[in-house]
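Each of the two complexes below includes subunit A, the first together with subunit B, the second together with subunit C.
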Partner chain A sequence: MFEAQEVNAEHKDLIHDVAYDFYGERMATCSSDQYVKVWDQNSEGKWNLTSSWKAHSGSVWKVTWAHPEFGQVLATCSFDRTAAVWEELVGETPGPGERGTRHWVRRTNLVDSRTSVTDVKFGPRTQGLQLATCSADGVIRIYEAPDVMNLSQWTLQHEIQCKLSCSCLTWNPSLSKNHPLMLAVGSDDTNLSAGGKVFIYEYSDNIRRWIKTDTIASVTDPVHDIAFSPNLGRSFHLLAIATKDVRIISLAPIPDNANTQSGLNKLDIQTAAQFDDHGCMVWRVCWNITGTILASSGDDGCVRMFKMNYINAWKPVAVLKGDGSHISNEGHRSSVSSAASLPTPPMAAVSQTARYIKLGTISQSREAPWH
Partner chain B sequence: MATFNVIQEGPVNALALNRDNTQVAIGGRNVFKVYSIEEDQFKEIYNLRSSKHLNLSFSCNDISWSSTDDNYLATAATNGHVCVWNLTKMGKAMQEQDYQEHTRTVNKVNFHSSEPNRLISGSQDGTMKYFDIRCKTSVATFVSNTESVRDVQFSPHTPHTFAAVSENGSIQLWDIRRPEKCQHQFTAHSGPVFACDWHPEMTWLATASRDKTIKVWDLGSKPSLESTIHTIASIGHVKWRPQRKFHIASCALVVDCSINVWDIRRPFIPFASFNEHKDVATGVVWRGDPKVFLSSSRDCTVFQHAFKDASRPASKANPQGMCLNNSSEILYACRVSANANLIYKMTGFIRKSSSTNLTTSDQFHQASSTVHQFKTHLTQETKCFYSLASNYMMSGKSVSEMCEHNATVAQEHGKNYVSTVWRILKTIYGDEYNRNSSLYLSKNNDDSISHNNIVLDPSTDTDKQSKGGDTPGAQFSGGDDTEAEDQVDHSAPYGSAFTSYSNFRLGLPRGDFFFGDNELDVELDGLNSIPDIRNGIRSTPQIIDQQDWTLPNEAFNIRHEIQNHSPPPEQFPNQNSPDTNDETPLHAEDGSAAFLTIPKAPMRFEWNPSNILISALKYHATLGDVQTAAVILIVMGDHRRLLKDLDESTQEHWLLGYIELLGRYRLWNIAAQVIKLSWLPSVTQLNQQSTRINTNCGNCSKPLQRAGWVCDRCHTSEYALCSICHQVVKGLYAWCQGCSHGGHLAHIQQWMSKHKACPTGCGHLCEYS
Partner chain C sequence: MDATLKTFIIPNELCRRAGIVGTWVRVNELGVFPSQHIKTTNSDSVSLYGPSDASVFNVRQQVVLFEPILRKLVNEANGIFLSVQELMGSNVPDYKSELLKLSRQYRSIIRACLENLQEETVRAKATYKEELQNYITIFYSVECIWHLCEILFVENIPGGIVLPHLLEWVRFHFPKYERNAASLLREDVIGAELQPCYWETVIGSLMQGRIELVQALLEVHSSADGKPFQLAIQTLRTMPLYNIYGGISVSEFNLKWKHWVLDTQSKIEAKMFSSERHLNLVMRLAVGDEVAWGEMQTHREPWYAFLAASLFFKEPTVKAFELGQFARQCIAKVGGAVKMRHLDQVLLASMELDIIQVIKEIQQMSENGWFVSHLVDLLYHAGRLEGLYSDETKVIGSRLRESFLLDYGTLLMGHHSLWQVGLNYLDHCPTEGLSTIELLLPALPLKSEARTQKIIREAHKRDMPQIVQSICKVHTMDSISKGRLGNALTWGLKSQDGGFTSLIADKFLRKYKETGVLLNEDLLDNLGSSMLISDRLIFLGKYFEFHKEYRLKNYKEAANILISLLASKLTPRYFWDTLLCDAINLLENNVMVISSTDTYTLLHSLEEKCELPELKDKIDLIRLGAARNLSRALLYEMQLDKKYT
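On to the complex of A and B.
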């Protein structure tokens, strides 16, 4: 049921991020070894290394693709306090059917941060070329390339001070014109008493500024990753948060409750789901393109997938081990019950994790129930 | 050990510890003091600048404390002086020696670690001087033949050797007894080397440079590069950590205010980082203990750092990466666990001791990741989207036909729910409906939307009554209370199917659709009363409406079964107005119906399905199936007008969402079709953007910016003619982006079928597909 293919990335240090392009046919990896690599899938589905270059003078934390209408463009951010925008140039085609040589050139280096740049993300395509970065000293910066044909010119549009060190950010990709531009930022500050670790910012067209509209107070543990679900037709937004567990937060704009000055609607923030199936630190959350499946990965070395069923309830649907073996459903059924009873004591969670790994060797091919 | 600091009057350039690491001497342009290091603070012992006779020799570039005699300090001054200070003396006498031999700034002074009284200096003038502090002049001068010497360090392993690094990027190894020529010289960096440090145990020398690297050289035999650490800024100082073979501390010359401790086996990310300083650090000394060190900084402070207060950049670093693509394939990169590594190694060397007491620092350097791509059963869903998108019919036929087609398509893909929605849609808005809709639409302005069904032709007075009920609830003439309402409720989405069915049986005009037996069961599941209605219709057409809405006796029993049937897929908005209760007596004449809780007067079937449809569409959109929502909206065509409660922005959102998804699957044609069929100007306009392509001049490859074929540079249109017939191209023009030559589509097509090269003979191998 699960096919696993290992990609020999040959990075010399930890890989911090992997990213598919818009079509899911190319991928980029970045690592502490300061290199970024771009891979293409051949017709047999095998990944071939297309380009590899030293992108920064420090660990490269994140890599992200721009929408292909802007060309083959990547953005990276690094411990070296910079974020960079890269464009692929394709050389002369040697002959029909053959591909030209490709290489990536740095179009710009954004050097405004005074500490490590922890995340970089392109804004929604409808906004042209916008780039948001956040840094360890808690500054969110929004850049814009006024001319989408000229990737070397970026202007710093907004600088938002966030009180806590930022670790991750995400744009709300909603295509609806009813929804204002929205950013969510997570902090990995370990001080639990510092309050909520996820902040919601919205752009007010009225006053042309970004405004912090909400803090998600229920998340007080360090946040490592955050992701808005693709919103292709929902009236509300879904935000996934990787903290000590997996959270799904729904943010529903309350109609006719606009702040008159900014023209922004208030948000009704609810926790839609909370899963501590990982039983330990969760590092990544990621949505599929329709926003129906959430995948999370944690220190237990597992990828877990969650899906919303027809009554708007989120349910675990699959567990994958990092080494490619599949974990039987019994294991994950028990985790469902544990998720239902909300935070289990950490010890119990750990022992459960240990059991998963044992079960992992027995591969069961029955399909997980899902709707 | 604690982290604490002391603030100075000015920037501190250098610091040095005494032999037993209890006192620290600090020096700067305006600072020259000795502190004793207490448990949690610095305590001033001497201020050597308290003397009245201050001059430039008191401004230190560097400072060194004799490792054999605690009373002697040496300083390097910016004016080229090297001074030796005796702490046992007072006032002016403290300055025991003042060597004025260098012609430019002295960058470095260093006492020999074992031989007493031996001092060496390195200067910007390119020379090094060797002093015996008992003598008034230097003992030896070493000419580096480089512009300037930035650091000199005695080797702790061979007492006669010292290393010097220069601004030209080279390392020199000297024998103290042979001032005429250096033993070894090699270029180590591509930029100036600012510092070096001998490893306390190994024959390693670490060098720091402006090229943002720290390099470790093994000078045991032939100099060889042991490892390179890439840092984010020019490195000003490096210092090996005692008792930790692979650890080295560094501080930057510019940009970076933190002091980093690196593990040379993992040269990419600092093992520990100390961020207390507000400006760049100028010196680092370890207090003999790997857990504590002191640093001086240009921010006018001196710090003692405890290792427990370090930040660990690697621990904050995300060790995993994950991404999902269009087909829900998962890309997952995760750290290979250090223990797994160990086990792997142990299987290789079976005899190895199995002490697995790994500390964090032992594991630190074992950092590697694996990447896996997973394909899961969820991938199925994707294929479904693609196939549905390609097969759905959005225009060109009647609503009924398209609905039927799309229902079949959905069914083929196992999407039974979606298929049902299509069938319902067909019944609601199909041709049958269309036939009556002229009336319907004309009446549309009226608040109470009347479903003017021919079959269920209502009597005039009920019509009036229903119009009287101005709430939308009047639509539901029959359904007010409990059970009767339940019944209607259950069948609500199928209500129209019901009427159509009646039409069919009566031989009245009907749509061109047909329910197979099974389908009928699905559609009318729960309406077990159908046979009775059927009979009723056959026998007494006059009372159709009564039969329909009051139900005969038998219906009473059956109804309970009905309730056990599957609930409706959508919640029907409960909008019944209580006014309708008044109609009850009308039906009381029928004795059998008295058993019913709510016997109803024959009512005109007035029902607006649009709200149900809206909630159905919203339901699908919320579940992530924007495809269904968008395609239904498109197929509905003009009937969209009936969906009054569905605001345009939501419609636009769905269309844009669908177009976005189609884009991800490269289904451009379908996306273009959606845009074309769109009724919203903001969506239609998507087709109007970026529609212009400039061809290039065939001669100079400059894009033809102007409307015509004339090139701005060549001032001729000659090269823009068809390459084959040499005529101006009107209509379709095919051209090669590689060589900018082109021509009539047909000509190029013909040419490329036989040849590979460009028809102009330019030699370019054009690609035509």
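On to the complex of A and C.
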């Protein structure tokens, strides 16, 4: 039911983050080896390395793409206390491939943090080019590039003290007149008595400041990742949290209850789902493009997928697990190329066609229904 | 942990040792890589696993429907799906019979697809052949279930007398006997019983309720003229067959039927057929003799064929709602529930009229929701999803239908050429369809300009200007990065975003400052009213006009444009020096082209901007030119005044 294409990432250490661009055609990877690499998918589906550069002088924790409306732009954050914005330049002379020779230049280095920068995310596209970072000493910073054609100028717009060490942040992608700009930040502080570990910040147009509107009190364990779901025109927001389990929290603005000063509504916070399938610490959560499937990664070495059914109840649907003990032999491999009958060179690197391996399963029981 | 959950293995040792992380690529694709969480408080060092050879695995769902051979099925089903929606939207009073027709159309495309697959199987090579055979199994089951569901849930059966339809369904799926019988009859030879399949065919036809065919087959037996045969043919001819339009009531029919059975039984008991062993079996089956039927249970036929046959001879007036109970009895007789395959389970659930169970089961048929989406949509429109309960909660039919359509539409949106088909399904999801389109449409890769235009058209159709704008901006930025400013401006104009267009106009002006060349003059010449979208673009357009007039030596016109630009307050800060320097030539022109008032305007602007550093070395030159022109102009204007006074 699943097949996989292996791309040797050529990093010298574990990969911390992989980010795909808006179209899923470009891939950026970052690692403890301080390098960032960019990969492009060719028309046959094969991923090729197109750029690789030493981006920081410490582990690169996260890499993220800006919306293509702003060009080919990446942001990275690192243990070296900085975050950086990178832009791809296309050379004048067209080289191999239609795009010509390319390289990435550092447009800015954001050096305001005094500790490791743990997460970096671009704001919603409609707000122009905004960038939020958070750091281990508990400071959230919002930067903005006022001229989207000139990415070397970034101004630090807001600095929010969070008190607890921040590990992750997420922008709420749903924007309408009813929803102000919203950010959620998670802390991996291990002190349970320090209270809730997820904080909701909203931007008040009235006083032009970010205000902490809520703390999710039900999550007191360290939080490692956090992600707002894409919004399908719902009146409430969904927030996935990776903590000791997978949590899905719904945040519904309570109408006609606006704070007179900030103009912000209070939120009704409910736990929509909670899964301890991992049975241990969860450290990544990721929504698919329509927000219908959540993928979570945990210390059990598994990626688990959860899907919402038609009555808004969440159910686990599939699990991925790493296991090299029965690496498939040639017989299991199948090429998507129709030219399979032709004698193909044994070196996979020579071929420009993507090779997919059918993934084996360990449980023979039948697949769970998706509804 | 849910025991029924499937676990897929990423064949990589590092992934096992370190653990994995998954992140979405697009609709059906997930990137998986070996990683391990590092707390913010930890120090930065090489991990336990480094140096290592880390790979990223791009895991995607295998989608059967994306096979080229099934493309036709996807496209044609879409056509019928749209017809169903159109029908339901058009208030046709007799919509139920129309729905039935459409249901049959769905089935006929499955059958066409099966034929196609079968032809291809003959040609295909080993591994592909196996795959094709897999598809055949899948779609054969789909058609079989669909047909039964059509009979039970879509077709409006008069009086609920379901048996004739059931027999038809069995005949349809087991055409072997009909085929054999046809060839036996066609050969027209004496002694058809010498053919090895003769009796098998007779009994098979009998089991499918084809009494006339049985008679015909008996006629070609070499001893057909013998007494037992003639009597058998005669008896079968008088067998009462229930027909809802036959004009007799069920009880009347039952009376006739019982009478016939008694009569025939007495003939059997009188050993009138016993000289012919097979013929005797045929007659015993016809009267529902339990011993004879017991012998038939070990037959190779699946239980549902057997069920239809036994109902024909034992319960010809069975109602749809009684079917489930007979089905269970029948399954128990032929060997119990142990051997039940998936197909059997779905068929049983349908016969028990358990629609929810049917829907649950058919989701697992590995054709990526093609079947369940179309069938549920049809059942919804046929009014069969109302008042259903699943795990004691009431099922909301419209939500159920929409959730399947959303999934199916989203799946197709993930395909590089089927995305427009996907849109058709999402369009018919009343609650979340549009917002799903809003998320998926802009994320379609813009591989070519033609494709982009298509995407933009679809966005326009659905009144999503913000998507159009976003796509145009993406194209603009792409063109800028490739140094194609003209293209960038064209796309920028399409985005209808003033501020954004200004940024592109700036690029043109700055480029001019750098190189002294205005790019894409033909485009600038044809801006027309579209330049009104941004001040900067108006400035660019006007500045180009100035150049044009100057080149044509229409110095007067050029001067007018220049002065109006100076007075307009549209000039960007970085362009003042260029504009003022341009004035020098006109001030020093052989023929006086700038009037005294205009010269004052110019001087006024100059004094305002005299602080600009880039003007420093030119300001004296401009002042000089202005002074000289002013004297010229004043003299000239004075003479002009005199002339008219």
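By our rule, the second predicted complex is superposed on the first by the 318 of 371 C-alpha atoms of A that agree within 3 Å, B and C clash if a C-alpha of one lies under 4 Å from a C-alpha of the other, contacts with A are read in each partner's own complex, and residues count from 1 in each chain.
Note that in this section contacts are C-beta pairs under 8 Å (C-beta built on N, C-alpha and C of every residue); 3 or more make two chains touch, one makes a residue touch a chain.
Treat the numbers as computed from the prediction; the structure is a model and nothing was measured.
A.B. asks: Overlay done on subunit A, so just call it for subunit B and subunit C: clash or fit.
C.D. replies: clash
A.B. asks: After lining up the shared chain so the two structures overlap, which partner does A:89 touch, if you call subunit B first and subunit C second: first, second, both or neither?
C.D. replies: In the superposition, A:89 contacts subunit C only.
A.B. asks: Looking at the overlay, does A:167 come into contact with subunit B only (first), subunit C only (second), both, or neither?
C.D. replies: both
A.B. asks: With both complexes overlaid on chain A, does A:218 touch subunit B (first), subunit C (second), both or neither?
C.D. replies: Touch status of A:218: no partner.
A.B. asks: For the three-chain arrangement built by superposition, which of subunit B and subunit C touches the greater number of subunit A residues?
C.D. replies: Touched residues of subunit A are more numerous for C.
A.B. asks: Could you look at A:71 and tell me whether it touches subunit B, subunit C, both or neither (first, second, both, neither)?
C.D. replies: second
A.B. asks: Contacts for A:235 in the overlay, against subunit B (first) and subunit C (second): which applies, first, second, both or neither?
C.D. replies: So A:235 only meets subunit B here.
A.B. asks: Contact-wise, after the overlay, does A:284 reach subunit B, subunit C, both or neither (first, second, both, neither)?
C.D. replies: So A:284 meets both subunit B and subunit C here.
A.B. asks: Pick one for A:81: touches subunit B only (first), subunit C only (second), both, or neither.
C.D. replies: Once the two structures are laid over each other on A, A:81 reaches subunit B alone.
A.B. asks: Look at A:22 in the shared chain and tell me whether it touches subunit B only, subunit C only, both, or neither; answer first, second, both or neither.
C.D. replies: Touch status of A:22: both partners.
A.B. asks: I'd like to know which partner A:318 touches here: subunit B for first, subunit C for second, both or neither.
C.D. replies: It touches subunit B and subunit C both.
A.B. asks: Mind checking 257-265, 419-427, 599-607 or 635-643? I need the stretch of subunit C that runs into subunit B in the superposition.
C.D. replies: 419-427
A.B. asks: Which parts of subunit A are in contact with subunit B and also with subunit C?
C.D. replies: 1-9, 11-20, 22-25, 27, 29, 31-33, 47, 58-59, 61, 79, 92, 116, 167, 188, 224, 231-233, 283-284, 286-292, 295, 297-298, 301, 303, 305, 310, 317-318, 320, 322-324, 367-368, 370
A.B. asks: Given the complex with subunit C, which residues does subunit A contribute to the contact?
C.D. replies: Subunit A residues touching subunit C: 1-9, 11-20, 22-25, 27, 29, 31-33, 47, 58-59, 61, 67-72, 79, 88-90, 92, 99-100, 116, 118, 125-126, 136, 147-149, 165-167, 188, 224, 230-233, 277, 279, 281, 283-284, 286-292, 295-303, 305, 309-311, 316-328, 334, 341, 356-363, 365-371.
A.B. asks: Which bits of subunit B are touching subunit A when the two form their complex?
C.D. replies: Checking each residue of subunit B against subunit A gives 212, 230-232, 255, 266, 268-269, 313-314, 316-335, 337, 367-378, 381, 385, 618, 621-626, 629-630, 649-650, 652-654, 656-658, 660-661, 663-666, 682, 738, 756, 765-767.
A.B. asks: In their shared complex, at which residues does subunit C touch subunit A?
C.D. replies: Checking each residue of subunit C against subunit A gives 1-27, 29-41, 44, 46-47, 49-62, 125, 127, 360, 363-364, 366, 369, 393, 396, 399-400, 402-404, 406-407, 410, 432, 434-436, 439-440, 442-446, 466, 470, 473-474, 477-478, 480-483, 500, 503, 506-507.
A.B. asks: Inside the complex, what are the residues of subunit A that reach subunit B?
C.D. replies: 1-9, 11-20, 22-25, 27, 29-34, 47, 57-59, 61, 79-81, 92-93, 95-97, 116, 167, 174-178, 188, 224-225, 231-235, 283-284, 286-293, 295, 297-298, 301, 303, 305, 307-308, 310, 312, 317-318, 320, 322-324, 367-368, 370
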